[in-house]
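Structure first, then comments.
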Amino acid sequence: MMRIIIIGAGVIGTAIARELSRYEIDIVLLEKTADVANGTSKANSGIIHAGYNADFDTLKGKLNVKSNPVFDKLCADLKVPFKRIGSYVVGFNEQDLKELKKKKENGEKNGLDDLEIIGQKQLISQEPNINKKAKYALYAPGAAIISPYELTIAYANNAVINGVQLLLNTEVNDLISDDGQIKGVKTNQGEIKGDFVINAAGLYSDKIARMAEDNFKIKPRKGEYHLFDKEYGDLVNHILFPMPTKKSKGILVLPTVHGNILIGPNANTIDDKDDLSTTSKGLNKVLNGAKRLIPEIPEKGVITSFSGLRAALSSEDFHIDFSENLVGLINIIGIQSPGLSSAPAISDMVVEMFKNYSLRENYELQLKKDFKEKNSKLPHYYEYEDKGKLDDWQKIVEKHEDYGEIICRCEHVSRGEIIDAINAPVPAQTIDAIKRRTRASSGRCQAGFCGPRLLQILADQLNIDPLEVSKKGSGSQILRARSKQLILEKIKEDKRAGDQ
Amino acid sequence: MEEHDIICTGCPKGCQVTIKTEGDKITDIYGYECPTGKEYAINEFKNPTRILPTTVKVEGGEFPLVPVKTAAPIPKSDLIKAMNFIAEKTVKAPIEIGDILIENILNTGVDVVATRNIKKESEV
Amino acid sequence: MTKHKMVVVGAGPAGLAAALEASKNGIDDIIILERDKYLGGILPQCIHNGFGLEYFGEELTGPEYADRFMRDIDQAGIEVLTETMVLNINQDKLITALNKTKGVLKIKAETIILAMGCRERTREKIQIPGDRPAGILSAGTAQRYTNIEGFIPGKEVMILGSGDIGLIMARRMKLEGADVKAVLEIMPFSSGLVRNKVQCLDDFDIPLKLQHTITRIEGKKRLKRVEISKVDKDFNPIKGTQKWINCDTLLLSVGLIPENELSKAMNLKLHPATGGVYVNENRETELKGVYACGNVLHVHDLVDWVSEEAEIAGRSAAEYLNKNQEKRDLPIKITPNKNLTYTVPQKIEYKFKDKKFIKIYLRVEKPMENVKIVFSHNEKSMLSYDKKIVMPGEMVTVNLPVALIKNNMEEIKLSIVEKVGEKNGRT
């Protein structure tokens, strides 16, 4: 059986893994960090764009438009929270109106038929907190919000259920080739043989490509965000965009699928691909940008801030193509916005590319008979609470009492849900991994209450020393020593020094 | 002639009291604003003592530690030594508040007593 | 669904004292709902001395103080449900809670005592920019690890905030073998007790840097270092004063926030200065039969006063149940005037019966010496108390004799003023 190696378990890599797992083929998904969705996929705006923004003759435009309609079924199958709430691009004057009309035209060229330009009165009635100086808006009912890391995790879980082998903490150091044909990869965990390699390494996809002497350069562009308490959840009802610039869609104000408000991102090109730090300047810019749309943004409502890096290519379009130099390698580079929105179509495109390749190699690609289209639905207390179905939760507790113990007070997450996350096909093995799957520690107290409890549960479930439990993988352990250990170590040291 | 500055902790004012000494004798004392301050400063200078609150490791208990305190203040200079001594001890559950877990620590005449009830793990 | 005459949310010092007082006043159907495995709230991890001097006339540690009430609760036979998280309360006093063995609990209460305490302000809330590594935690969570769970969260520690929790943890970490590099305080004064400054910092040569804050955090996986800056009188970092300090742990002691999500669920408004609900002298909220006391109402410095305040709530709830209350014709508004941040209660609503005085709890805006605390009505002074020194970090209580409160009064103002003609400063 042919083996495909996919490098990078972000939303693109996991989507491709899942789609390829429909076929009888051996797939290995490699991820260098301790969890899937650890790169750009966990730190972005979480928007499924309607598809009016990018030009139709770009991959961005084509693939965004193709993907948008499939999300309802995809999210229903994979059990991912998804809300099609629509978006407004907000204009303040006649020049803006001209631009909005151009965008609408572009969108219509892309095949959208439900775009509308609305005026001030309608805008204010739909968004009562909007800047009263706003005059026009381009309304796109097809825009939606999603949790990007939950989507990635769901794709990964489904891929694993369908036979994909996921190797975390596995970093590709080099490609192995023979006579211009890919043969596998060299990793920090050893060599892995493979017949086909898909480079979906996000920020580092240029580094992987250069291993095949395909020359690309990604310049990370940082975007910072503020997340607001759910208390302010009804500040806006739709995704609000300012007028876009060439470089970015601007600083947005939008609700999240879980009822928070998110503002950001700014755009700042940096050098260090691992620099996820937030900056005073950046966060201030984000706040001021958001105020332009919603003047009453309550700064005191911020519960956390974070930053993400866009994998920006100078061409500013997606690059999805076979390697120029190695046979059996596809490079996927420069997947910034609308990358998340385009994931389904990108994965379809890559599957087609692989199909064509395998035909040429006389390899018959057969569909699996027992492909599991759907993920199983795991119970979450907050969903039952929101729907007023607590009697049904009672039945769940009666089956297993772990669902009766609330661990995260702010987000109402039970012990049972946390254990489910640790035991999932793609297991949560760190505090941050649990946060992304269950929302525990993402609330207003930011793990002040649940931190020690999560640590204990991880230690118990993974059967490891509590000292080994980490925030986000090796090197980020939470605890430094056992009680009295530092004192005893010092006594030993002093004794040794005294004896000398 | 030496000068020693001591902050009085008798009330929120935190007056800085200065004690002047020649050899072992106190030659002058000023800066206090009430008699408590004077007395506190002299005691603190001559023989500073502290109550030590800490924890002791527990074996077989519902919790891995029992909070303890010295039943009376001990010399400030003994605090680290006391912590070292306590670090090597483990006590068995069950423990009751007031139980003397370490008698006459470092020959100070002061016991270390438990400040929390710790049940046996098996009885929870 | 079960019914109870009184439901107490939280078995910390406030909840325990309120329940006990209600029980002493004849209420026999009380249930306390507690989310943790054990009773006492935050007290079991506060292993240091300083509790009970006022209430018991003895100096106790936190766990000892809690134990006094726990014993009484046991003796009084008051029902306590641990590992039970209250998740919602509505305006009909219907409580939804989750318990490990019993599952979803729906409890209809005739009276509710809100005693949920508070949570700690986070790094994210004060927006310190930089990386998000392991090694950043609130002082209270570090205290839990160190005193309850049996672990040391850090080896090289920086502490932001010189309130008592920050000072106490400085000593605690030092005693357990960590290297505590400094305690930073953004204000020009420490809000902790002088005793704590001396016994937690001076005793161990831990520097206190006033008018300093942390302006950047660095460390991709584990904290590596923090950038500290001096600040000006408007709390803005002063250019050129930036310094990097290596550390693997940052403890934050930057304020407590009353945990009022359940109060908000009942549509109760929160007071902007206290962060808690509005109450009258009975600690009754705007929803009749619902009371609040302890840190959830306003953050206290002395647990002794938490217990006293909780007793007011418990007693009043009992009076409510025994239908032993009469409202005044007009409520009296209590207004904090000069130099005061807030008062609790914010109004007086009931007839006094055999009460001799109303105790007012208040906080001052800034440290002041040789002051008068003045009660006034219609610009005329009713009564004044002298105080040698007042500070924002120490709650003040003053008694207002009911004899001075006339029937037609609608507003009483409280002020703190410096005494005229007295020399300030030290001798």
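Think of it as A, B and C in the order they're written, each chain with its own count starting at 1.
The rule is simple: a contact is a pair of C-beta atoms (placed from the backbone, for glycine too) under 8 Å apart; a residue touches a chain by one contact, two chains touch by 3 or more.
Model, not experiment: these values are computed from the prediction.
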| item | value |
| --- | --- |
| Distance-to-centre winner among chains (Cα means, whole assembly as reference) | C |
| Chain whose Cα centroid lies at the greatest distance from that of chain C | A |
| By number of C-beta contact pairs, the top two chains | A-C |
| Centroid spacing, where centroids are CA-atom means, of chain A and chain B in whole angstrom | 53 |
| Centre distance in Å when chain A and chain C are each reduced to the mean of their C-alpha atoms | 39 |
| Intercentroid distance (Cα basis), chain C paired with chain B, Å | 26 |
| Multi-partner residues of chain C (each touching 2 or more other chains) | 146, 149-150, 176 |
| Per-residue multi-chain contacts in chain B, two or more chains | 55, 57, 64-65, 83 |
| Shared-contact residues (touching 2 or more other chains) in chain A | 483-484, 487 |
| Chain C residues within the chain B interface of the complex | 44, 47-49, 60-64, 67, 146-150, 175-176, 193-195, 197-199, 202-203, 369, 388-389, 391, 394, 426-427 |
| Residues on chain A engaged by chain C in the complex (per definition of touch) | 231, 274, 276-280, 282-283, 302-306, 381, 385, 390-391, 393-394, 397-398, 401-402, 404-406, 409-410, 412, 414, 444-449, 451-452, 456, 466-467, 470-487, 489-490 |
| Chain A to chain B touching residues, read off their complex | 483-484, 487-488, 491 |
| Chain C residues within the chain A interface of the complex | 35, 83, 85, 87-88, 96, 98-104, 106, 119-120, 122-125, 127, 129-134, 137-138, 140-141, 144-146, 149-155, 176-178, 215-218, 220-222, 248-249, 261, 264 |
| In the complex with chain C, residue positions of chain B that touch it | 7-9, 11-15, 31, 33, 50-55, 57, 63-65, 67-69, 76, 79-80, 83, 97, 115-117 |
